[in-house]
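Okay, got some structures for you below.
Both complexes shown next keep chain A, but they swap its partner, so chain B is in the first and chain C is in the second.
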Partner chain A sequence: MTDRMPSTDQRAEDREEVGVFGTGSRPAAARAGAGAIALPEEPSGAAMDLTLSYESGVELKARSQWAYARIRFFRHRLAVASLVVLILISLVAIFAERVAPYGYDELDLNNIASPPTLKDHHWFGTDLLGRDYLSRVIMGVRTSLWVAVFVAVLSTLIGTAFGAVAGYYGGTVDNLLMRFTDLILTLPGLAVLLTAAAYLGSSDSQFGPITLTQPIKVGLILAFLFWTGLARIVRGVFLSLREKEFVEAAKASGAGDMRIIIRHILPNCIGPIVVTMTLIIATAILVEAALSFLGFGIQPPNPALGSLIADGQVQGFETWWLVTFPGVVIVLIALAVNFIGDGLRDALDPTQRIRA
Partner chain B sequence: MLTFVIRRLLYSVVVLLAASFIIFTFVSVSGDPVAFLRMQPTASEITIQRIEERKHLNEPIPVQYLYWLKDMLTNQFGTTTIGDRPILPDITRVMGHTLQLVIAAELLAILFAVGIGVYSALRQYSVFDYSATTFSFVGLATPVFWLALMLQVLFVYIYQWTGVRIFYVANLSGVDPGTGIHFVLDRAQHLALPVLVLMVASIASYSRYMRASMLEVVNSDYVRTARAKGLPERSVTMRHAFRNALIPLVTIVALNFGGLLGGAVVTETVFGLDGMGLYFINALNNGDPYPVMAWLMVTATLVIVFNLVADIAYGYLDPRVRYD
Partner chain C sequence: MPDPVLSVQGLTVEFKTEDGIVHAVTDVSYDLFPGETLGVVGESGSGKSVSVMSMLGLIPIPPGKILSGQALYKGRDLLTMSKKEIREIRGGQVAMIFQDPMTSLNPVLTIGDQIAEAIQVHHPGTSDADARKRVIHLLEVVGVPSAERRYDQYPHEFSGGMRQRAMIAMSIANDPQVLIADEPTTALDVTIQAQIIEVMRAAQQETHAAIVLITHDLGLIAELADRVVVMYGGRVVELGDVYTIFNSPRHPYTVGLMSSLARLDMDQEWLKPIPGQPPSLLNRPPGCSFHPRCEFSQGRAICRTEIPPLRGFGEGGAHLSACHFAEELAAQHVSTAPVGAGDASS
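Up next, the complex of A and B:
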């Protein structure tokens, strides 16, 4: 919904499976579309450690996969900086009520339509009703981030489950599940998003004891459309690994299907899963903002960054700060999340980096 | 090859039917197309009843859907619920506007993106490469609607300060667009900002693909062979590397283009352009299933066609690819 649906990458992957890309030349190209900033140098750190310790007679420190991943991640300076920024933003969002200088709907009638100023803490200015936009943005970040994380977690769960079951059992199950995935992937995403949002309505719903708040409903729609890419990735890993000896060994020692899926094969695709999940957060933030801006996403009185921008737009060009600041925050979050995803990709899945 | 195309088209028909039913249901349940009339004191009960009868609004939704399907196939998408206005002429008009916008934006974007991508790949890790990478990361993280709004604000302020109208910030034509060259200039001034907004998003993603595929090609064996043969560097990059590096971009552009023909919804909404996207949003806001469905069918068909074009073009350009 950022005018193009986020599925370009997924489509490319789709193609590979159909065999159209059968040249093996695709992965780097498709991946690099999203990735490949910062291009961390590959210092021969490991080799140096080895010689030094060998000469001085010190034993090599054993490191787990995770330790190596952590080292690789922290070498990625942009990713680490982004992580710090994102943690700060999240903390502000979590403690929104205490951090925000004003309430979400509080009117400061002495400062109506005030431009950004240090006075009275109106850093982001106020709108025509005298509402403090810094406070509104903070509350908006909380909703938007929360929805994005919700979407990422939910679609990761669905995608992983679908991919794992389809890839592990193969055959008819695989066929059925993947046809369904294809169907979702080929649905006109934009139309489904907007009409489904209109259908689910602008208020909370009650299903028995469960209350679905309106932001959660928006999250559900997004998650329903976002899980397909991951399902294909996970399925691919499962398809290739289920024939491996360690799976056979597990079977021979009496492990059940569930145990093999979860304990033996799943840990092998944790890398792509984490990376995809991160990237979904960024996409979800952007798509949700666009939806809310168009008036189909998160509805007032729930605050959201997209609807804050729409609010600002309605109030005219004179109050430019109302449009500017929520947008800057969206860019900041999306950028940080993308950088983190990039760093994670390098850390968890070193083989996926483009050859330099 | 032919079986591949036929199979894909058959599958697409199934998808189209499924999608149209889902979306018809959503729109019909969520909106009441005659809600507007019900609130009008001047609209009589009989008028509303007639409309409800004509559009079968009191039937169950699957039946309504079948009526719509019949209307679409035999009656050129049918008419709007209120006003009984034929839909096809409207769709044709807005499609024309969207085409102007999208073709201009995509052509320019491809031009820039190819240049940026190739140059970054040839000068990997240079300042230019890093700047281009940063640009595309920021471009991909920027919400399209926000960029559009910021440009609007910027140009409104420029106009207020200097009194010079460089670009218009809304609508498709001036009050009196004139004819001939004046009309073209007026249209260009109106389309410039929307085109710019669409371009930024496209350049950001295309240039990444272009860079990656160029890098891959430059490091491939046949390029090394070409160098080893003693070909001049210019001929190696332009004739051997560049042309092959373009192939993956064809797919991406075709897919994207198909999607954009459904209207750059957000861009058109912000700039108030009378294109496909705005048409869709307005129809959705009115809760009128017929125009929404017409939009959907046109858009989805275009996406399907362009996906197919992308695949066929890929097979044509890269003979290693086989369809089975």
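Up next, the complex of A and C:
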């Protein structure tokens, strides 16, 4: 063994004797090059000055991707306007009790089926039982938004988990999870929704310590159907990212699977996830409205936007305000969320340049 | 004589592909001693990277398969370790520097956080403040200027050379005993390469790690390596200290490599390429894999039928060559190139 590993001294001598590349010791072009360049371990004065003038002179502020994304988003006017509208609507929904002029089930028997009027603050009119319609729409927005956000969060969690695990591990795991996803996708949506809604019933149910209120039930049904698209998208991103060298580098520095999935790959697909999530919110609002309209969603007297329209359409055009106001609000929310999704997609796409 | 810190014995790795079995690495053995730099050279597809990646469990299995062999790190076989054990070794006592710093850093994490993570994975108790302090020290060791400010920057704010410095800082974060550098300069331009060589020296001084330097750049080998393993077609064809390999190679492939190299110390009218193509690892030529390209073997039957074993030469057999006619080559070599240059034809 000794002779396979010469001592350092001996090697140093060899170095002097045998010219590998040049006439002296081992220096090749590389050493000459290295000598000519001011080595960074001992920065020369000139190099320091350079750095300083760079810092004080040209203001080249380094921006993170998030800063760039924010700038791009705020250049998207429609998205910003939508964001303002949505924030206003959300604030109204959150503080519904304080904002609404009346309680949602408060009867005003002097004003039954009144069209929109300034009298007694019935700005949206009253319904056939004399309840203030503005208050009912506000409460309806609250219910519908709550369901939509619940659906979006839940289906994003499910979809991301499925997609991440399937995409990262691949092979059999991927096959199993994705075939299950396909199965959910092939279910006829409306039929399943109606059946499930009918099966779960229209009143609150008690599962042990957990109370399933109506909005939660509707949310669960919708989330069960809505996570598939996201699962496919996340899987796709994971499939391409797991081959990247930075994942291999993370592995080589000892990171485990969970750490790589959550800390290294997931932040790289936050863009598609956020965009898909906003689109799920929009869809959820619409589908929840449809479900409530058909009488399988939120049940009266709890107002939801869909069931308000359903109640209002009985009288046809005579009571136009009963259909119009919740309808307009639904369209407004869905549009706003879609535009925000659009803006986010553009903002989070790093290949998009900021145009001056 | 110290014990080898890493000892690879008879490592054989295959990949199953649609076209057949790729014999990526066959019966590869070498030792790595503490503090030394071992160069592994060979063409693309000669198995240099696979031989190292498979040790750390970084090749995909399947399609990859480790058929036989041992990789003893301080006497413990890396190949039979559990996933958890090997994970503790990876990035801890055995760390890697990757080829392309452009893609090896996560674009959404700051440089500092990525290096700090490497520390915290292996020392879970380290506080963020301590990790930050250590990372800044490491960035200074590898020559990243204004490390304090650079800590919070993202990879896209770093140039290629700076990123490779950051990668090296990450690899030495846990004071590794073995540092595996997989073509650390290939993706960089020449002036930066020279700097990275210095950084690697600094890194080695800081940690006293033994380095396995995988490259096809013979200049880099000459600059950094103490000993050299020459690989061809998935096998080790020659092994010796860097002076022996450069000055008196005993394998026709190494001779060919040397004469295809532009050198400053010699008058060369033309560079002499090795004729032919590297062998397909799906269907290797019988006998010595190099024989179809070998000027030396032309016509000799034994080259086509028998795989030449590695045989020892020099004092105590420290210089290994897998050529049936190594003695003859040495004789011819010395007679034609008395200066000790590696060009058999000059």
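FYI, the second predicted complex is superposed on the first by the 289 of 356 C-alpha atoms of A that agree within 3 Å, B and C clash if a C-alpha of one lies under 4 Å from a C-alpha of the other, contacts with A are read in each partner's own complex, and residues count from 1 in each chain.
Note that contacts are C-beta pairs under 8 Å (C-beta built on N, C-alpha and C of every residue); 3 or more make two chains touch, one makes a residue touch a chain.
Predicted, not measured: the structure shown is a model, and the values here were computed from it.
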Which of the two partners, first being chain B and second being chain C, lies in contact with A:P267: first, second, both, or neither?
second
Notebook entry, point to check: Given the touch rule stated above, what does A:L118 touch, chain B (first), chain C (second), both, or neither?
Noted result: neither
(Q) Output check: A:I210 vs chain B and chain C. Expected answer is one of first, second, both, neither. What do you get? (A) neither
Counting residues of chain A touched by each of chain B and chain C, the higher count belongs to B
* Partner chain in contact with A:V323 - chain B first, chain C second, else both or neither -> first
Original post:
In the superposed arrangement, does A:A252 touch chain B (first), chain C (second), both or neither?
Top reply: second
(Q) I'd like to know which partner A:A290 touches here: chain B for first, chain C for second, both or neither. (A) first
Which of the two partners, first being chain B and second being chain C, lies in contact with A:K244: first, second, both, or neither? second
Interface residues of chain A shared by chain B and chain C, listed 1-5, 11, 15, 19-23, 26, 28-29, 31, 33-34, 37, 39
Within their complex, chain C touches chain A through residues 1-2, 31, 33, 36, 56, 58, 87-92, 95-96, 98-100, 103-109, 117-118, 121-122, 143-146, 153-154, 157, 165, 167, 170-171, 173, 190-191, 193-195, 197-199, 202, 219-220, 222-223, 226-227, 241-243, 246-247, 263-265, 314-318, 340
The answer for chain A against chain B in the complex is residues 1-5, 8, 11-12, 15, 19-23, 25-26, 28-29, 31-34, 36-37, 39, 183, 186-188, 190-192, 194-196, 198-201, 282, 286, 289-290, 293-294, 296, 306, 309, 313, 317, 320, 323-324, 327, 330-331, 334-335, 338-339, 354-356
Chain A residues touching chain C in their complex are 1-6, 11, 14-15, 18-23, 26, 28-31, 33-34, 37, 39-41, 43, 47, 51, 62, 64-65, 244-246, 248-256, 259, 263-264, 267-268, 270
Chain B contacts chain A in the complex at 12, 15, 18-19, 22-23, 25-27, 29-31, 124-125, 133-134, 137-138, 140-146, 149-150, 152-153, 156-157, 198, 201, 205, 208-209, 211-213, 215-216, 219, 248, 251-252, 255-256, 259-260, 262, 264-267, 269-270, 280-281, 284, 287, 292, 295-296, 299-300, 303, 307, 311, 314-315, 318, 320-324
